[in-house]
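Letters A, B, C, D, E and F mark the chains as written, and numbering starts fresh at 1 in each.
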Amino acid sequence: MSRVYRNIPRAEASVIDGLAACGVATVHEAQGRTGLLAPAMRPIYAGARIAGSAVTVSLAPCDNWMIHVAVEQCTAGDILVVAPTSISDAGYFGELLACSLVARGVRGLVIDAGVRDVRDLTAMGFPVWSRYVSAQGTVKETLGSVNVPVVCAGAAIRPGDVIIADDDGVCVVARPEAAAVLRKSLAREDKEAAVRARLKAGELGLDIYGMRAKLAERGLTYVDTPEE
Amino acid sequence: MSRVYRNIPRAEASVIDGLAACGVATVHEAQGRTGLLAPAMRPIYAGARIAGSAVTVSLAPCDNWMIHVAVEQCTAGDILVVAPTSISDAGYFGELLACSLVARGVRGLVIDAGVRDVRDLTAMGFPVWSRYVSAQGTVKETLGSVNVPVVCAGAAIRPGDVIIADDDGVCVVARPEAAAVLRKSLAREDKEAAVRARLKAGELGLDIYGMRAKLAERGLTYVDTPEE
Amino acid sequence: MSRVYRNIPRAEASVIDGLAACGVATVHEAQGRTGLLAPAMRPIYAGARIAGSAVTVSLAPCDNWMIHVAVEQCTAGDILVVAPTSISDAGYFGELLACSLVARGVRGLVIDAGVRDVRDLTAMGFPVWSRYVSAQGTVKETLGSVNVPVVCAGAAIRPGDVIIADDDGVCVVARPEAAAVLRKSLAREDKEAAVRARLKAGELGLDIYGMRAKLAERGLTYVDTPEE
Amino acid sequence: MSRVYRNIPRAEASVIDGLAACGVATVHEAQGRTGLLAPAMRPIYAGARIAGSAVTVSLAPCDNWMIHVAVEQCTAGDILVVAPTSISDAGYFGELLACSLVARGVRGLVIDAGVRDVRDLTAMGFPVWSRYVSAQGTVKETLGSVNVPVVCAGAAIRPGDVIIADDDGVCVVARPEAAAVLRKSLAREDKEAAVRARLKAGELGLDIYGMRAKLAERGLTYVDTPEE
Amino acid sequence: MSRVYRNIPRAEASVIDGLAACGVATVHEAQGRTGLLAPAMRPIYAGARIAGSAVTVSLAPCDNWMIHVAVEQCTAGDILVVAPTSISDAGYFGELLACSLVARGVRGLVIDAGVRDVRDLTAMGFPVWSRYVSAQGTVKETLGSVNVPVVCAGAAIRPGDVIIADDDGVCVVARPEAAAVLRKSLAREDKEAAVRARLKAGELGLDIYGMRAKLAERGLTYVDTPEE
Amino acid sequence: MSRVYRNIPRAEASVIDGLAACGVATVHEAQGRTGLLAPAMRPIYAGARIAGSAVTVSLAPCDNWMIHVAVEQCTAGDILVVAPTSISDAGYFGELLACSLVARGVRGLVIDAGVRDVRDLTAMGFPVWSRYVSAQGTVKETLGSVNVPVVCAGAAIRPGDVIIADDDGVCVVARPEAAAVLRKSLAREDKEAAVRARLKAGELGLDIYGMRAKLAERGLTYVDTPEE
């Protein structure tokens, strides 16, 4: 049952980089408010914004053996996505594994578990989104699989899907839809840029979006606060 | 049932600014250890310390329509306080809404739910205290109310109450008591300044506060650690 | 039942400082993956890495009286370890107590509860690892004990044990084993330095650690991703 | 600041009993989906369904002194509502206090904290809704207040408000609105009875509620599952 | 994007019923320790053990409209599986919807959110596994989909997959593998029956499973507890 | 490092049984409000009340091998106490292991992790207190230790200590103090019996405990609720 799938398909690099520039909130909205991982997935330091192709790892809880296996399947531009088969807060990943991933051009790690050596990872500029920070060591005893479909932090991810991650969290875009989602994301950005200028000038969203009529129709009433 | 109350009363600007300078821990103690919101309310970035008049929003879970309505009720020096009627971790607020609030002179946001675009909000210097960071989008379908009494993160807040927020969390001071609480806060600060100097000089709190007699009376015993 | 034990034994300063330099993850591994406090214990600011001798405090929930008692038992190089007898999220410790500890040369605080004045503590460079940040005040009514064995965040700690704390969390090393654990930690660092150089050069952990044979023996299979 | 308010107003007994018969879910809906306490408030045993007038207690965390004070303010048909000023999981209430409340005709307890002696309470048939079950003892050192407005498990409750509690949780109805909410609840029950009969007979809600047109207008599409 | 898929494939009734008889723990082990939903999914009452074909519902948070749509797609022997696209603790399902499902022969509900009317559901014998019990009402405003692949409580579920649920939780078996998993489950039961008899007779698992040699080889040492 | 300690000392059977009869809340109070395990430890069914000698197991997360080793060290009247070295919600224990323990006269299990087969365990009348219920399987790969001191759910437990468990949770009494704690528990029960009778007769705790003077001295004020 333990398999390592090699040579997964990946999205085009320009599409991936375009999605990174748009960021998680925009991409999540542009693809119909889907694909967001649980908000418990937090970056170990602020300010990183990346996108990459998912190399997925399904592994036993408290056992990081398959991460070593997965490293070999990574190429430049990938993001490692690690999902234990049951919840634990152990620290599956640290600075040595990060050195290995950096040597291969991997852009970051998304792990629904714990990570350690966060001071070193921050100094290296290797971004990680995780549920926990923990130094708790793991074993190397049980097989898992690499590049199989996984559920990570509540989101279904297939190998080669595009992962976008920033300070707002982590989002997945199915590989076949990545180009279309990028187009919609850029369109959304254009629209927002126009609205932003008007909002900064003091116009109200109530007017820009034409909400007043619908609010009144639903029964919203304005009253003055009574004197005390 | 859905109402927007206009022209709420507000505390004096000098009182509000005085409370900001004292900070959450001092104000909370000065008003008798009340008014603190749940510690799960965390700032999106470190270092901000603000106070302002609460413009309150009661809204449906996963629906941010009423925030757009509330913006119009805000004036310079206000803090928007958002409380969904049931818990969710969606992201009700982002950078566009912040642009609109900044244009009106609003000082920050307190929301018992999720916020997104935290990288942009941090860059803008618009502080937010929230329970979650999440990009999860919301809908605009259900009415709520603006400037009604709300319970936000476990604290009862009335429109026009003074909100103080810093790295320690968020505290509410009832508007009619704001001036008195400021006086007590300043008195507390004076007393603490004197104690601080003595502590830094190496005096012990045991002596400064005269605790030794009461401790002995209660039965506290000092013994030497036995040799092993 | 309430006792203050004076003159606890402490580990050698050079051993303590050596363990600080190794950091939590290395020390935890070196002593057989034991001694880690729960990952919910987080630093109030990033970047601190300390070690010191534990002065332990067992106190009643929402009552910080015994911290004042414990200050007197601290000497230069100590770390205060505070464990309430039942969980609460109140803020037992703030800037004034920190001033007193700094005056005595204490290196930091580990508390399985809340802390406040985090902005001031950060400015002072006084590091704290806590479960919560909260301004909620406490009382001074009930006795506890100082320098008794405690359970703090799931780890058993005796007075004089060595505490190591950094961005990965907090670890305890039993005093009698501190020198031996330091030796093992340094050995581990040496070994990791050699591995690090090879990983950075692009070698794989699979080869460095000789994992391929064992993986194959367990049944790991490599397959190419099928064309779609 | 510590006050005990005597002789609070109460709703009519027939209204209270009518609301009990309707249950939490119906009453909550009938008053516009408001008033529900956090779902973390769970009954210590299944099957109880009660309503009563709130006698409120605001007390210090881990200190149950004011519960003893509150007992005297209770009369037949009341429900004791206990809200600590900061979260703890201690056990503030046990069988002896229940004996005292039973002697006064009190119908149950709602406490945003812990309760103990649940085996005895179950045997006595004294229902409790609490956030925790815990034997952790509390002290009697700090004053609080009785029959002041409180926030309990996220809901604002005034003394004399009607509390309804059953296996679904706990709901509060403001005393002045209790009669009106009962009327709406009964109307809702009538309507539901008619729908229930049709649903049991196999009719679909889609048809009973006339949802099909609106769903189609919004764009819902029906397709057959493709052959594999 | 909102689709309702009709006429989903289902596993054979005899296979489904066989899996129900084996129960969650056995089936989960038999299929290689996969498919378990998060342990936060708890039954509303003890003792139910069911299996059925998944009719899946993906819906907006705090909006139960699509459950009404899904009812029509259910046939005898199904289990309704409901997954909101973001976490909330609202009560999406109650007794009226259960009446409708019972009329169609549906065996139970699995919902990664809240449920209400649990007293009535218990009396009806309609089993539910949910993350929360809550009376909080939902709206009917936003479309979702029926019989699409969902992630429910961390497990990927496709329409027509077999759901097994009992006091241990909830497990999913992919439809194409259901018959094979049943065979393995029955084999496991046979093996366990033999072991059970020997254990009851006082034999030790250490001997039955032949563990002593491997334990010794790994270095396990037996020592007598020293006299005090 | 992996050791199994044989022939641990145990408290006298009559003392153990006496503590069981007193129950967790009484024993916890009688020994000075110490020894309680975290309230997250819940019984799998209501109504059990047991005491026994702790046979302790320290094991790797998600690995139940050492439970098999521990069974052999159990004798009639023991309670198995299992503490993983890092948190996980896997199900380490089920009905087969319970059969083995029952054959040896073991009275129950306390485990700071998950348990499965709860339906069978309930039918057998084998009580378990655990943090989770979960069917998630574990491996048998890593050694741990039996009858070493452990921290279980926040409480330090030594082999041979007396464990008391009932619907209120779990409490540990150090073996050398068990007889003294029993005496204090019985004294407490006598005192409570007298108070109980007076409370049932309608006397108030305020009077029985003589609280009125101290409350007045602290400043408690009684006022009539103002007319509206």
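Methods note: contacts are C-beta pairs under 8 Å (C-beta built on N, C-alpha and C of every residue); 3 or more make two chains touch, one makes a residue touch a chain.
Model, not experiment: these values are computed from the prediction.
With contact taken as defined at the outset, subunit A and subunit C are each touched by B, F.
The minimal number of chain-to-chain contact steps leading from subunit C to subunit E is 2.
For A-C, the matching interface among the pairs C-F, A-B or B-D, defined by over half of the contact pairs being the same residue numbers, is A-B. A count of contacting C-beta pairs for D-F and for B-D identifies D-F as the more extensively joined pair. Here the spacing of subunit C and subunit D, counted between their Cα centres, is 42 Å. One inter-chain figure worth recording: subunit B and subunit C are separated by 30 Å, centre to centre, where each centre is the mean of the chain's CA atoms. Across the assembly, subunit B contributes 33, 36, 85-87, 89, 134, 136 as residues in contact with two or more other chains. Because contacts link the chains in a way that matches no line, ring, star or complete pattern, their graph is best described as other.
Looking at which chains touch one another, you get A-B, A-C, A-E, A-F, B-C, B-D, B-E, C-D, C-F, D-E, D-F, E-F.
Interface of subunit F with subunit E (complex): residues 2-9, 45, 65, 68-69, 71-72, 89, 91, 94-97, 99-100, 102-104, 114, 116-119, 122, 132-137, 140, 143, 147, 159. Those residues of subunit D whose C-beta lies close enough to touch subunit C in the complex are 60-63, 85-90, 134, 136, 139, 141-142.
Against subunit F, in their complex, subunit E makes its touches with residues 23-25, 28-29, 33, 36, 39, 42, 46-47, 49, 166-169, 171, 192, 195-196, 199-202, 204-206, 209, 211, 215, 218-225, 228.
Residue ranges on subunit E touching subunit A, taken from their complex, read 1, 32-34, 36, 38, 85-87, 149, 151, 154-156.
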